[in-house]
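Per-chain numbering from 1; labels A, B, C, D, E and F assigned in written order.
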């Protein structure tokens, strides 16, 4: 009897729905999770389910692949300075156009067609993400975030709109800036005291042994992070990501989740089960410490 | 992989969640569904799930069994006039005490212990259900509803409280009245223009052939009701119930569901699947007629 | 000329009306004042007058007499542990039923019939009075108050409803608890920073000499209380009551009045005249000290 | 026992307080009632009591006597055209100055000193009373009311301020106009759908026989007015007054009271007793007709 | 003395500022006015001044030129069907990207850098502009507007944000549609009952003689339009534009202005002077008819 | 082309409009600026322009000249005590009448006739300006301000009304008091944390050399004031005025402007240009220090 089974599953989900209801979550969406159409569908479905059970969503996205496709049309070479990507003015124009005009609006269309209420904006609108040039234009139009004007996001939250935010910043003289989407999501989460920051990545989470995908660490307290750095367990591209997470925890965000964006419905699986599928980072001394214990079982 | 299956089921429920979000539903709870502890649990779980996915709930209850237990303690005989039960003053005192002090508060405790936010009231509070004596006290303190003061219910809806309402009425001089819980639920649903009125009964719904539980009629339009009366398909105790349903449809309620309260999770099964398990009664000319077509497949 | 005299009296009441307008008062009602029908009438009339001149009312009640009557029907013996009354589960069921279903609703009916807007609730509704078992169930279902969730009361105050609250608490697993109504009223008064806590008792107030009803002490400052304990002027059942009063003064309540509930209209006589009829307890260093001087003349 | 008597009187006033709570009343104050200091005191006391028991007050005043005193200082003669008083520009300047600067502010001071919250304004402020010249300046700066901008009054009502309004109007080019205070009060009452319009006059009310002060007609239905005109029972200066009353009843005001302003506390005596002391004019077919029956006993 | 002159000019502008304060104006911006950087600056300055003196602005824009530049990069040929431009899927993707990601965000940056508070959205966001394919996809992804969901615009107006709206529509299955910016502006103006619809065009307005730029008709009543059509005075591309204007007037918009977008500060010159510089179209029977007379002097 | 020039001037004013939008300014109006009708017109025009571009205005006025004219009519001699003017009761009555009934209402009429929304009140209304007698009635009814009840002003600001306030105070027993309008304006500005306090005076501002009107000091920091006192640059009647300014700066007011009220449109010239025409006094350490630099060039 299919109905009875569905009812059973729905009722099992009840404590998770209860736990997350009315919580504000900032989700960073980018990388591989953006390339495959079926994964994109699954992310949007996750967002809709979250939205319908009362979670308030802010989606911050990048969009590297689409940018590269358009840059190719323009025959623009990718430049590097000291091994870091350089963004000249013409490239920046294209980055802005693709992120805010293609990636952003395509996401919004997908959400709205499935019954959501999404509004696509960017760091430019109402000067949402104010930037200064990184290291005095050393990398061209690469920006450092100076300030977040979160008014629009708060208005959208109040009206239960899903904010879909392209990670482009604005400078003092009205120039656009290329910014890191992880950092943008972190700063936005801080500015609105989000309950959770969820980073969709191309790895299963933090791994004890980076060669073994089954060595996932399910939960890390912020105080453990320095040791994990020292031991080399957190290394490479994961270092700035985890630093960003700890920064978020120190500035009003309650929990950060690092999930494998390549797995379909990874957000739902993380949020609506006890063991989850990624790495949770939180403070050891947070008031809901015991709930953490119940929520997560270490690997 | 249990998590993935759960995610799948949750996502399948999405269109139903979307359809019912923010809708106000009045549920009449009584009869057999109240006697068995396990069914009581399942009803309360259904209410909680509904509440968490954004449905706004008003529960109207009777409580015959508990009343009889206490009447027995008092050695009060049940009296009848013309074959109808007569409620004398002493009995009415006990009915009020049991319904509002035992049944009502026990339901509230169950909901609140599972994480809900229920407030137990009665027709007495803020003169919610104003009555006059039925046929000039012919049946003693049996009341006819004269007016509903729905202010408290509206306040509770605005604060997302679940109203649990004992079906006891109040008269002009402050006397309590025994009232029919089906009628009380109908009048309340009308007074707040509820989206749905759901009657939990002791039968599977309206049956084509009352001896065959598999002859359930899944959907009835109000205009079909007279024919069903004429043909004798609707008969006996189902007649006042269906008249009450049509009255509700004619006065601001969009749909009425008659469900088998003896089946665990019958409300969830009705609301979160296409075919449902009971009988839906609605207007033929309602604006969302086509959605009805999609929602229900006739048996 | 009767009209002119009435006008004169009303105008003399003006300064008292002005002083109390919009003030929140928590009144504990129980004991003898509940037994006599004529006194019950006079208390309800006082509440209505207070309500109409803009005082915001929260009534907390017990109901020992009615409980005993029903316990008798059930042939339940009153048990004692170390000389203290023990509440077993069956008794607690009856206490809950009688307090919330009989005493509470009868009071609500009386108020509403006279034109008031009362809503009857209990410590169970929306988990208003959260309890733990006293001394690990030493006295059975006797509870110690752990927390007050005053949201409903605040909603009721905002809508000018009179909250009528049965002093029954709720435990973590949804069990009901028997609680002392004086303590419940005190905790509620603290949780909403009530302007006044008024305790209707079976004595004239605090007496200099307990054998002389004319030795009433009209006003006591909190700093005088220890001396009154030492001298034995406050003794017996008055000790916990006065401790409760001082606790209230130390936690946001401005004044506590101990009145003789057996005298008709004692609340009105206390509030609408200079000398009053009971004992006022307040802080010596409160900013309105001088008004106190004017308001009360020491015995 | 003075306290008990006071309590008794207060409780007898309860139904009247209940009836008038939250009602908006426009009171026209002028004539003799303004000349005697002791009467002025009594009127202000009445207003305060009304305000404290929840009546919302708009006071519209004239001030002939004070105006004449100042005109005398200026040695200005009173002029007449066709037997009607003519208001030239210099006189109008003085009328405005005295009404808005002396009479108005003196009333405001009296109310505020006794604990009220009065704000003194005039028809000039925010163009409250827009006028055109009467009969093309035939009587100089005598105005006909064209429009009421009741925004300030509504703001004041919302903040529970007592509006004290000097009956001076404003013309299109910013000139002041002398207006009849009865008419101003009527137009203001209509513009805010006042529950009552109360006219304080120099007579006991409408008299059956104008020579016999004991022949007071306690209640008149609007439909009876033409007959009273025909019979000459209503005559002289009472004719425009009663026409104004009927106009008010036809435009959103529920009842009009004509009281003897020379009797101390006449408003309180009228509002807080069954028989009252003046003449009530109301519609025969108003929904609360039966309450009228109870409220008033015809002479 | 420069200061004194400036003060004089500002004061002369006072009646115009007063007239337009708090009015909602929808401005269609496109065509030549978008090509020249200096004109773009002047339009943005006009918007800012309007915004600062209290006008509430909704800007609807096209962006033909920028689209053509990018299409060229992609080597996409412009296709025609029956002489009308055909929009295939690839082209539509580029139209969406350029309008919402380049033109829209560049306008937003310009406004925000000068101190405005602009938010850039499109018909896609929250399904603002719902479309169906024109003539069953005869012209590919060219859309006919079916419905406007003006919620976001209203939120923005309430927060005094300038809405900058790219004229791209969304279809039922989430496809983007190319839409005419004049029509989009008209439909939006209707949906929010805008006070004014202002169309920035490439002509001086409606000309008596199209070869003579000095033959401008300053004001046209809607009833005159058929005659102007018959006489051939309105012809060619002006026909659909004027039909759109009349549609707006018939559906809640008070006035439509056709201005020469090629002239710097044309909006300010039209709004802040008596004679203006373009053509005003309004209803003959509008209540403010006389103000029209004062506002405009016919050529 | 007059339109183009007007547009240019308006656009030049944009940064000033932007800077002052939504700011609360308290303007003290009295002295010579009140005597000449043409100056009065220009002040009112300035207020209207300010109001229309979003500045929120509180006007505090005196009215010496008009008072003297009426005192003359009454043949009242001006009395002096120790060289200071003495206000006896009869004089005070006239001061109140003229200020609140003539000067105040005449200003209100002027503003409202030009399209503003002014409400005229005084320190008497809602006890706005509470006073005690100066030096125990040494100067009769001359008052010292004890407290400001700014509720009405805040209500008026919230509704965008211009408050026009006659500088008359009220004492504890309801007596009126004569108060200095500079001080009243300062206290009011402090009580509402006004952005600016603007004093219209009979001098060009603070002069380096009081005999040379061209020696205006354009800007003074509060820390410079003692030196200016020591050097005698600030002397005579300017001493209490500047002390009042510094008091304002120390209590929540951001800037104080001393302007020459005799020059037409002096407020507009000060607020809408870089160099202004009077003396600005502000704190050296205020956060917007650099904006000050840009705003004012020292003489």
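A few comments on the model shown:
The rule we apply is simple: contacts are C-beta pairs under 8 Å (C-beta built on N, C-alpha and C of every residue); 3 or more make two chains touch, one makes a residue touch a chain.
Not measured: the values here are computed from a predicted model.
The chains that touch both chain A and chain E are none; no such chain exists. The chain with its C-alpha centre at the largest distance from the centre of chain E is C. One finds 68 Å separating the Cα centroids of chain C and chain E.
Spacing of chain C relative to chain D, judged by their CA centroids, is 44 angstrom.
Rounded to whole angstrom units, the spacing between the C-alpha centres of chain B and chain E is 54. In chain A, no residue touches at least two other chains. Beginning with chain C and heading toward chain D, the contact ring passes through the chains as C, D, F, E, A, B. Residues of chain D touching chain F in their complex: 73-74, 93, 96-102, 104-105, 108-110, 112-113, 117-122, 124-127, 151-152, 155, 159, 161, 168, 170, 172-176.
Of all residues in chain B, only 2-15, 17-18, 21, 45-46, 48-49, 52-54, 115, 264-265, 268-269, 272-273, 275, 277 touch chain A in the complex they form.
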